[in-house]
Amino acid sequence: MTANATTAEIRQARFDHGMDVLTRIDGESGQKVIDSLADISPELGHQVVAWAFGDIYDRPGLAPRDRQLVTLGMLTALGGCEPQLDVHINAALNVGLTPEEITEALLHSAVYCGMPRALNATFVAKKVFGERGLLPVTSR
Amino acid sequence: MTANATTAEIRQARFDHGMDVLTRIDGESGQKVIDSLADISPELGHQVVAWAFGDIYDRPGLAPRDRQLVTLGMLTALGGCEPQLDVHINAALNVGLTPEEITEALLHSAVYCGMPRALNATFVAKKVFGERGLLPVTSR
Amino acid sequence: MTANATTAEIRQARFDHGMDVLTRIDGESGQKVIDSLADISPELGHQVVAWAFGDIYDRPGLAPRDRQLVTLGMLTALGGCEPQLDVHINAALNVGLTPEEITEALLHSAVYCGMPRALNATFVAKKVFGERGLLPVTSR
Amino acid sequence: MTANATTAEIRQARFDHGMDVLTRIDGESGQKVIDSLADISPELGHQVVAWAFGDIYDRPGLAPRDRQLVTLGMLTALGGCEPQLDVHINAALNVGLTPEEITEALLHSAVYCGMPRALNATFVAKKVFGERGLLPVTSR
Amino acid sequence: MTANATTAEIRQARFDHGMDVLTRIDGESGQKVIDSLADISPELGHQVVAWAFGDIYDRPGLAPRDRQLVTLGMLTALGGCEPQLDVHINAALNVGLTPEEITEALLHSAVYCGMPRALNATFVAKKVFGERGLLPVTSR
Amino acid sequence: MTANATTAEIRQARFDHGMDVLTRIDGESGQKVIDSLADISPELGHQVVAWAFGDIYDRPGLAPRDRQLVTLGMLTALGGCEPQLDVHINAALNVGLTPEEITEALLHSAVYCGMPRALNATFVAKKVFGERGLLPVTSR
């Protein structure tokens, strides 16, 4: 922030910063979510970008791959978050998790969330990996 | 209830009363849910009408628009209730909540339920508002 | 297990045993889930078979129909488990629960999980019963 | 319902009938819940009795022990329902489920809800069984 | 924001603004939550204040009492949020909801979340109302 | 497994192996959970040890610290798992996550699960860190 920043300028700067972080992690799929909010709740789009990515994701205390591990755990446990799992399994690959680590994390989730949540998340991974030419995954 | 009410008559009267309340709030979409239960669980349909609408919704202690605000919060938080959100976002409009209030309530839900639940509910609102010619919504 | 069992042999024996139990309860639909995991997480498929069915389902302390009653309650309460409800409503029929008992269990779930979960589960039952020629169900 | 039933009389009759069912299943612990609601939400107490027990529990389509199996599954899956699990593990014993069947049902829940939910529910069973002199339970 | 605002100044200004909103709604109980985070996660405290209250709660699109209705619905549905229900039932009273409206909203929640969630939330209301001398509540 | 392994010997070997893994990760707190199950559901204790730890935790495809990141995400999202969070925040420290990484992971959870779940988990971390002399944690 430079001199004479107005509330509107601060708001725009927070958004721009968040969009940089979002693009780095999610690539195009994050942008698509924001675009799809434009006519129904642009403010929700703004908060996803400026707050979730600009304020939280960008913090240095946890590596990007570690954030995705936590995120995969949460989205699997919550249930009903298949669209978000799609985005974040892509993000997990983008920030350096391997397909094997991702499927292993989802297998691990069976212990804490039970088989249905683990299965639903794994089938989203199957879709994403298929789209990126990463099938088959061979666990040991 | 008039004289000589039998159990069957009381049951029918409770249903008729509930259907009046349901129609007032949900319009046709409530009736469709009841119809779709006819061959699998007519009793569940009866209980939705006679109990949920006839006994609970009709109580005077909370205004219809206030009931829909609570309901939108619950359905968003529960997750996996997209069909019910569709019915109740329509209901919310029917009882006087504005599109702006509804999207604001769903934005507010991000604080308590997290972004995925807020996003999923907002995309249901986008579908409903689109069907009713209410897009775009302009939040401040 | 006979003499000279290696780790790999024990693993195979646990899988084979689990597959017997799975087939007895779920018929073909269980096998389909395992097959669909082959290229994404064969280990998750192994654990569903060897652990969930071989170790837990096969235990004598609770009758197969009773296990399905508990399972229907859990899957309804969890939400977002429609694919698993499909498999287990089929399983419930396979192990001797009647359509009337299943819809009654799902009606009962409204008391503890609320109407949306009860409705979502009941519509899965409608699909399954329809596929098996069991509609209409007539509750009293 | 006899002749000249007023709305108030019907309401009272529904409550009295529900209280009979509640007492049969839950014994004193159900009554305690109703009493504890008297100064905060007597209507919620009325609905638990008149609707949940009078209308739903009393239906003949599912045996009382079967209803408790479904209920144990739901309460375990929901999480955060330890007070209700206490009431319903007692109820399960009252309607004829054995301690072994109850712990087996909670073990079974690990497959669908994961270990934390199974553990939390099992520790409630430990408390209830301890109060009723039913420990230790010996699973095979 | 005035001229020459640095990132640190903007951060402080966002916090100060959020604390004004928080105090207006939650009174002292909000401050207590922030204080209790000081030695474990001051950043979480900052985000509750600066983001949840400063950015979201302060928006004009939904009246404070309406935000509490949505919030009560969400916290009841989520389960396991008794500490937050305590804060927000207090907040609901602070912004003008009556005890009767609050208990009616929690009764209404039984339709969507089931009896256990409705009961757990109602018992938190009983505690809060008791502390504020608002018992008994008389529903019609 | 060596020659002539019987079913009972295989069962014991799986348990012994799991107990090694459990002790390495959870130290004494894991053992306490198993002990507390002895008189109510020894089989649940067996499955936690032999399956969750022996079969799943021991797999090489995901580092122990990564498993705890996923686990913290799941337990936070599930809600009502405070006892398990206590065990696993201890485990996270045992396998090399720093207090700063743990609190950052829980801050991150606010984005996906909302503030109440993030707060509840953070207060468990405060308790555990306090017991281990790790307070205050200073986030940047």
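First chain written, first letter: the chains are A, B, C, D, E and F, and each begins at residue 1.
The rule is short, and it goes like this: a contact is a pair of C-beta atoms (placed from the backbone, for glycine too) under 8 Å apart; a residue touches a chain by one contact, two chains touch by 3 or more.
In UniProt terms the chains read A, B, C, D, E, F = Carboxymuconolactone decarboxylase family protein.
Small disclaimer: the values here were computed from a predicted structure and weren't measured.
Across the two interfaces under comparison, D-F and C-F, the one joined by more C-beta contacts turns out to be D-F.
Residue numbering at the chain A/chain F interface overlaps substantially, since over half of the positions present are found in both copies.
Between the two copies, chain D and chain E, the Cα superposition rotates by 120°, quoted to the nearest 5.
Mean C-alpha position of chain E lies 31 Å from that of chain F. Taking each chain's centre as the average of its CA atoms, chain C and chain E sit 41 Å apart.
Counting only residues that touch two or more partner chains, chain A has 43, 47, 52, 56, 59, 74-75, 78-80, 84, 103, 107, 110-117, 139-140.
Contacts between chains leave no pair untouched here, as each chain touches all the others.
Of all residues in chain D, only 1, 3-7, 10, 43, 47, 51, 55-56, 59 touch chain B in the complex they form. For chain A in complex with chain C, the residues that touch the partner chain are 79-80, 103, 106-107, 110, 114-120, 122-123, 125-126, 129, 135-140. By the touch criterion stated above, chain C contacts chain A in their complex at residues 33, 36-44, 47-48, 52, 74-75, 78-81, 83-84.
Residue ranges on chain D touching chain C, taken from their complex, read 51-52, 56-57, 59-62, 66-67, 69-78, 84, 100-101, 103-105, 107-113, 139-140. For chain A in complex with chain D, the touching residues are 110-117.
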